[in-house]
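Okay, got some structures for you below.
Below are two complexes that have chain A in common, paired first with chain B and then with chain C.
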Partner chain A sequence: MLDVLDRRAVLLHERAADREEAIRRCGRVLVETGAVAEPYIQAMLERERSISTYVGEGVAIPHGVSREHVLRDAICVVRFPEGLDWDGERVTVCVGIAARGDGHVALLAQLAEILLDPERARALREATDVDTVIKELT
Partner chain B sequence: MDGKDIRKVIVACDAGMGSSVMLATQLRKQLKGTGVEVVHTPVNQIPADADVVLTHAGLATRAQAAAPGKLVVPFQVFLGDPAVTRLVETIKKGGTVGA
Partner chain C sequence: MPERTVAVASRTGLHARPAKLFVQEAARLGVPVQIRVDGRRPVPATSMLGVLSLGAVQGTMVTLSAEGDGAAEALDALAALLSRDLDE
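Moving on to the complex of A and B:
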């Protein structure tokens, strides 16, 4: 059984010109790790256009609206060290979500804890090591 | 409605899989021991026994349409929004919600 957070879904040195490119990168990772089908990427972009998924501390959590095209509960962590503009906010880390059930809930709860602690949030934004990220989130 | 009469809080977002999950887990923690149930749902699936619906300001109109007559409390930020903090305080200490 695959973990909700596959280590191949943790990319810490990515680059994106804008929010759309960053979301496409997250979606691509979810496709490549077998969590979603291709059309899910479009759903992620549409969701973002309605309301920003920025959650604070330089983190956004792009995801689609329905369970359609989702193959399993999964998240990806994609870090953009240079940061990018996210509808007026500065984002360094994207936590992309694909959910069919509740497999990802514990991990999002953990993410909320991290973001409410400025020190841990900073550590997540500055993480350059895959194991550190997985350890923090799981 | 008085804060002490609240038994069930719904956190509604469009998908019910991302931001509402994060906020709901935080609320459950803050309301631990009060007996108040916190549930996250998509905005079009708000259950009939909800006492209060928390939702992002951009979804408040849809939430109200989906749950006519329910008290809808909008918030702007997913973590640490003053509207959410106020609701938690009111549930714990009593007082009028949505005033």
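Moving on to the complex of A and C:
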């Protein structure tokens, strides 16, 4: 997963008022690191409105459905230490995903494997430095 | 143990949206169903993370299994769901 995670796309001390703001933050990181074009952020918001991207263990995986605005496969990790209400669930980590083709399925499978291990899931939720996040996702 | 093996029909595979619809239906049916892909340990059909960890893309063969009351009906319902394109 490491090759799709840019160090600059790991933000560990973010705040957001609500789910929409959190998704915009994730989208912004993907834009700033050259993974997606601006309209992808809107696609992420639309996807979230159709069905929640909460996956469990305090983690949501916002992403757009259209591949149109994806420039390269990438993920970002944005942590909200104070937690966010996510359609009734509490989220502290967003893993934003940009992928063309089937790349995201393998990526999600790897992420799910990590989150199924309670120790690794906690390490990811409580990470306070970029190296820990990169280590956990490798 | 009753089983059903089907190919995942959804274009984007069994990930976010199709996976969530599948997990919700499995929970609604209330029968403990396991799902697996070849060579890997089964996971509960009600576990979003478990289902995501299968890494199933369109065309991947997955096997559902369950025991007890209502097993056959639950397996039929979930197999039918996987045979549809849930991205539509």
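Note that the second predicted complex is superposed on the first by the 128 of 138 C-alpha atoms of A that agree within 3 Å, B and C clash if a C-alpha of one lies under 4 Å from a C-alpha of the other, contacts with A are read in each partner's own complex, and residues count from 1 in each chain.
Just so we're on the same page, a contact is a pair of C-beta atoms (placed from the backbone, for glycine too) under 8 Å apart; a residue touches a chain by one contact, two chains touch by 3 or more.
In this text, all values refer to a predicted model and were calculated from it rather than measured experimentally.
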item	value
Three-chain arrangement built on chain A, chain B and chain C clash or fit	clash
Contacts of A:D6 with chain B and chain C, given as first, second, both or neither	neither
Partner chain in contact with A:G64 - chain B first, chain C second, else both or neither	first
First, second, both or neither for A:S50, with chain B first and chain C second	both
Footprint overlap on chain A, comparing chain B with chain C	47, 50-51, 53, 55-57, 61, 63, 65, 104-105, 108-109, 111-112, 115-116
Footprint of chain B on chain A - complex, ascending	47, 50-51, 53, 55-57, 61, 63-67, 97, 99, 104-105, 108-109, 111-112, 115-116
Complex contact set, residues of chain A against chain C	47, 50-53, 55-57, 61, 63, 65, 102, 104-106, 108-109, 111-113, 115-116
Touching residues on chain C, where the partner in the complex is chain A	12-17, 20-21, 47-50, 52-58, 87
Complex contact set, residues of chain B against chain A	14-15, 17-19, 21-23, 25-26, 56, 58-59, 77-80
